[in-house]
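Shown next, in structure tokens, is the structure this report addresses.
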Amino acid sequence: MHSLPANNQHSSLTTALTTCFRREMIVAFRHKGELANPLIFFLMVVVFIPLGISPEKTVLMALAPGMIWVIALLATLLSLDGLFRSDFDDGSLEQMLLSPQPLPWLVLTKILAHWLMTGIPLMLLTPLLGTMLYLPAEGYLPLMISLLIGTGSMSLIGSIGAALTVGLRKGGLILSLVVMPLYVPVLIFGASAVNEAVQGFAYTGQIAILSAMFVSALVLAPFAVAGALRISVNT
Amino acid sequence: MLQLNGFTCVRDGEPLFVPLDTVINAGDVVQIAGPNGAGKTTLLRSLCGLFDSCEGEILWRGKPIVGAKHDFLMQLLYLGHHPGVKKSLTARENLAWFAGVNGETGSLDVESALAKVGLAGYADIPCHQMSAGQHRRVGLARLHFDASPLWVLDEPFTAIDKQGVERLEAKIQEHAAMGGTVILTTHQALSLSHYRTIELVKYTEAFHEVRHA
Amino acid sequence: MASWQWFHRLGSPKWFYEKTTRWTQVIGWLALAMLSVGIIWGLGFAPAELKQGNSYRIIYIHVPAAAVAMAGYYVMAFSGAVGLIWRMKLSYMVMKCAAPIGAALTFAALFTGAVWGKPTWGDYWVWDARITSMLILFFLYLGVMALQEAYQNQEAADKTCAILSLVGMVNIPIIYKSVDWWFTLHQPATLKLTEKSSIAPEMAYPLILMIFAVYMFFAWLLLTKVRVEILHREVKTQWVKDIVMGVK
Amino acid sequence: MHSLPANNQHSSLTTALTTCFRREMIVAFRHKGELANPLIFFLMVVVFIPLGISPEKTVLMALAPGMIWVIALLATLLSLDGLFRSDFDDGSLEQMLLSPQPLPWLVLTKILAHWLMTGIPLMLLTPLLGTMLYLPAEGYLPLMISLLIGTGSMSLIGSIGAALTVGLRKGGLILSLVVMPLYVPVLIFGASAVNEAVQGFAYTGQIAILSAMFVSALVLAPFAVAGALRISVNT
Amino acid sequence: MLQLNGFTCVRDGEPLFVPLDTVINAGDVVQIAGPNGAGKTTLLRSLCGLFDSCEGEILWRGKPIVGAKHDFLMQLLYLGHHPGVKKSLTARENLAWFAGVNGETGSLDVESALAKVGLAGYADIPCHQMSAGQHRRVGLARLHFDASPLWVLDEPFTAIDKQGVERLEAKIQEHAAMGGTVILTTHQALSLSHYRTIELVKYTEAFHEVRHA
């Protein structure tokens, strides 16, 4: 009586993914103010730099590419902590694990939503930050491209850390610790793409490497996350 | 349907309870009983594959669950201590997610499911504005549209008022009558006409099983 | 006590709503008139500036916006304090409504300043003390707004925002002083915004008018927003139902 | 039968404060790994700066004072999120509010513990970071003194933000937004104390101002926190 | 001791239940009853001052509570849906904190308090290694050393097994017999010999009070 016919298995996967994705978006948009938070964090740190170091144009110009990349990285990192935490606390993570749908796919919808909610807005905000830090005009395009691809990798890689630490009480900082070393290559190539461009060199090489990292993260991370979640729930 | 062979859960290297050997068939209602800390929650989670430090084996339709994971999960509905109801979503949004994630593709009659758990008119209220019992009822509403035959319910009566308990018991009985299976824990007395109790006994004591009615 | 009676009545949203119906209109028309006169005078009739030509005319928006933005914060913090001390609902509504208006004015000051900066300084942005403290004021506003948004429970939102804006108000002088100090420390004052440039009276009069006009506009916007907020929060009361029915 | 005699009211306040403080310390030390988290965050960001910006000594030297201060600020901020969160979730915050002891005092023990657990270790770590960023020798003492006092103010001010946002789901980033503008004066005076010292000027003025800010925060913050907590619990 | 005059809690501008007028004296056990969402938790929290959107007044020994806050809190023990037991601490550490924060200065016999709630031997186990019921029992252990006469207990029987419920009922009865006061909610039937039930009625319906035994 109860079992579903096998032929709608495909359509049920699509349904599951769209419902999951829609849920993430609803949760995010329910608190509209929160959507802006990573952005505001981004902006605030950009304000701290001149306050703490120096407001001079020549100094800031030199810092701009690397600094914006480092701050984007931190903003992504901070927003990652909540990725699975609330699902873990209220039991919906268990329900996801018990879904007949493949877990890596479900996880991917969450990561996608996270990227749309943090990476994209961060990227869109960079022109403003660039202006405030006197980024040379040639830097804007490579900065935005590298951030677009780079934040994708960072959401993917970071979600592994979020999954590994979801069972711990004070995830926040331990998460940073786990994830940061993995972010190093992304940061190096991202920042250097911008630096090269500012100095008038080609930066396609860096972008190519960033893309390659993104693709491998896209293929591997969902499985790692799924595995990590199964372990975290198993207590 | 579900067969436990010498099955027990292990914590800190020690089995929690005397290994269970039992068969749970379609149409059965099984209460897992035992005092606080006996291992009921741990057992239910192991059945669902959420806890895997166990001894013995569980067969699902004659096969170990590991081999028939997808098939098993298709047939399973688990409601734990935390029912998976997200506080910032409304009841409707929560139920839509449950349905979607469990692979239901058809349209969903949220109103009637909610009405059946006494939450008529609450479909569009965010769950953080609900009382403890109302919050749990949202989770219980799943029982009214999910087609899975195997229900694993960990203390489903928590925070539910008297009338709610009666309705839930009726629903459980109906499910069993239609050939479904229910495995549940509770510390309250059940007033079902047909059910079986499996008493978990500390590993050092003897094992016994009581059959009612 | 008679002297307290008006105070308590002022706390009643219904009383406030009824009393301000006329006032809002008067202030609205006044603001409109002053704004139009000020803008036409400033943009059309005031003489062009020697060095900057016509681009200086942005001052007629920039300076009034900057001036009122600051006042907006004090209105917000003060009404938050009144709300906390006398548990006055109306006061919280004023606080809630002042935040976005103040933030918008701050943004307008920043934006016009940035637009102005490009022709005068060659950059959109300069880390000048005035400008930086304005930016921080903008963040203070955003903080209050984000908190207001994040709480679904209106009461909790009101009270937490009141505390935050009070804490912010204690800090505003400190922030301003420290930013001033930071600026003078780091960078010789190449550009002085603070010193009254010997501005010609023909340029100054429309500017003064515009400052008053924007104050009026602020008052009108605040009143209107508070009135909408009152209707929103009191939907369940009979008097609001009557109004809504009457309007339809 | 039940009521306590009034004369041991004083001793019961002392008991309450010591138990509260001891509890904070036990919780912190139970997860020894977590104690190191702010430090590791600190270290990691110091590693990111050369990677993202430039590994050259002259560049890093100029950045060092301001950069270390900005990072210390971020580390404090990140560690603040959990200050009241777990107490709120498990109901012990309610119990604190229902204690007959004055709430501002109880709150103060929590803030003190937080400062001991983050501010002090951060300060102790600065010599290492200074070395890594080529901080000139004259900068070490003012850096440590300013961080010692400054982190105290930051714990106090930040706890107001933590109390205001404890009832929210995703406190983390909104907390940053609320608290960051309030940190500006601390950052300016802290960083400038170090910058002045590096350039060979006196920095006692800055330290005096930092101390004044600390004292006022110490006097006012506990009351603001207590008020905010009462509101957050009231739902 | 505690007097409610036309007291009700307000949510979204509407009273939740018909205003209560009642006096609760030393030695009383009062059950606040009502279906899910009636406002029981809200009422208990208001009594303790944790929720303040209310109408009517509460007098504590003839004075409004606001004026006698410290005195009132000295006499109060509240156990809510979340009992305030920190998971990373052991039972002993949790109880020491409860005692300290409530102003007990004497030495504390943790072992015996824990033994009385059936947790003998669990004093030094971190609470996150406990089952749902054991976790709640740690909170209940407070009843065995706290000297406060007024107990406000929100669903104290949640997740507690049958034997635990019996013991808790006995403890409540003993407290009342010694002149203490207990206000509690529960959806389970109470088997106390003397207690009063105050039924919360939706604001639109009529108010009634039932006296047992």
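Letters A, B, C, D and E mark the chains as written, and numbering starts fresh at 1 in each.
Methods note: a residue touches a chain if its C-beta (ideal position, glycine included) is under 8 Å from a C-beta of that chain, and two chains touch if they have at least 3 such contacts.
The shown structure was predicted, so the numbers you read here are calculated from the model rather than taken from an experiment.
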| item | value |
| --- | --- |
| Greatest separation from chain B - chain, by CA centre | C |
| Chains most often in contact, by C-beta pairs | A-D |
| Furthest chain, CA centroid comparison against chain E | C |
| Averaged-CA centre spacing for the pair chain B and chain A, given as whole angstrom | 36 |
| Chain A-chain E separation of Cα centroids, rounded to whole Å | 45 |
| Between chain C and chain E, centroid-to-centroid distance (C-alpha), Å | 48 |
| Two or more partner chains touched - positions in chain A | 31, 33-34, 37, 40, 44, 47, 51, 54, 86, 89, 169 |
| Residues within chain B bordering two or more other chains | 81, 87-88, 126 |
| Multi-partner residues of chain C (at least 2 other chains) | 136, 139, 142, 146-147, 150, 155, 179, 182 |
| Interface residues, chain C side, partner chain A - complex | 114, 123-125, 127-128, 132, 135-136, 139, 142, 145-150, 179, 182-183, 186-187 |
| Interface residues, chain C side, partner chain D - complex | 136, 139-140, 142-143, 146-147, 150-151, 153, 155-156, 159-160, 163-164, 166-168, 170-171, 174-175, 177-179, 181-182, 185 |
| Residues of chain D that touch chain A when the two form their complex | 31, 33-34, 37-38, 40-41, 44-45, 47-49, 51-54, 59, 62-63, 65-67, 69-70, 73-74, 78-79, 81-82, 86, 89, 169-170, 172-174, 176-177, 180-181, 184, 187-188, 191 |
| Complex interface listing, chain B residues touching chain E | 34-41, 81, 118, 130-134, 137, 155, 158-165, 187-188 |
| Touching residues on chain A, where the partner in the complex is chain B | 1-4, 8-9, 11-13, 15-16, 18-20, 23, 26-27, 30-31, 86-87, 89-101, 106, 233-235 |
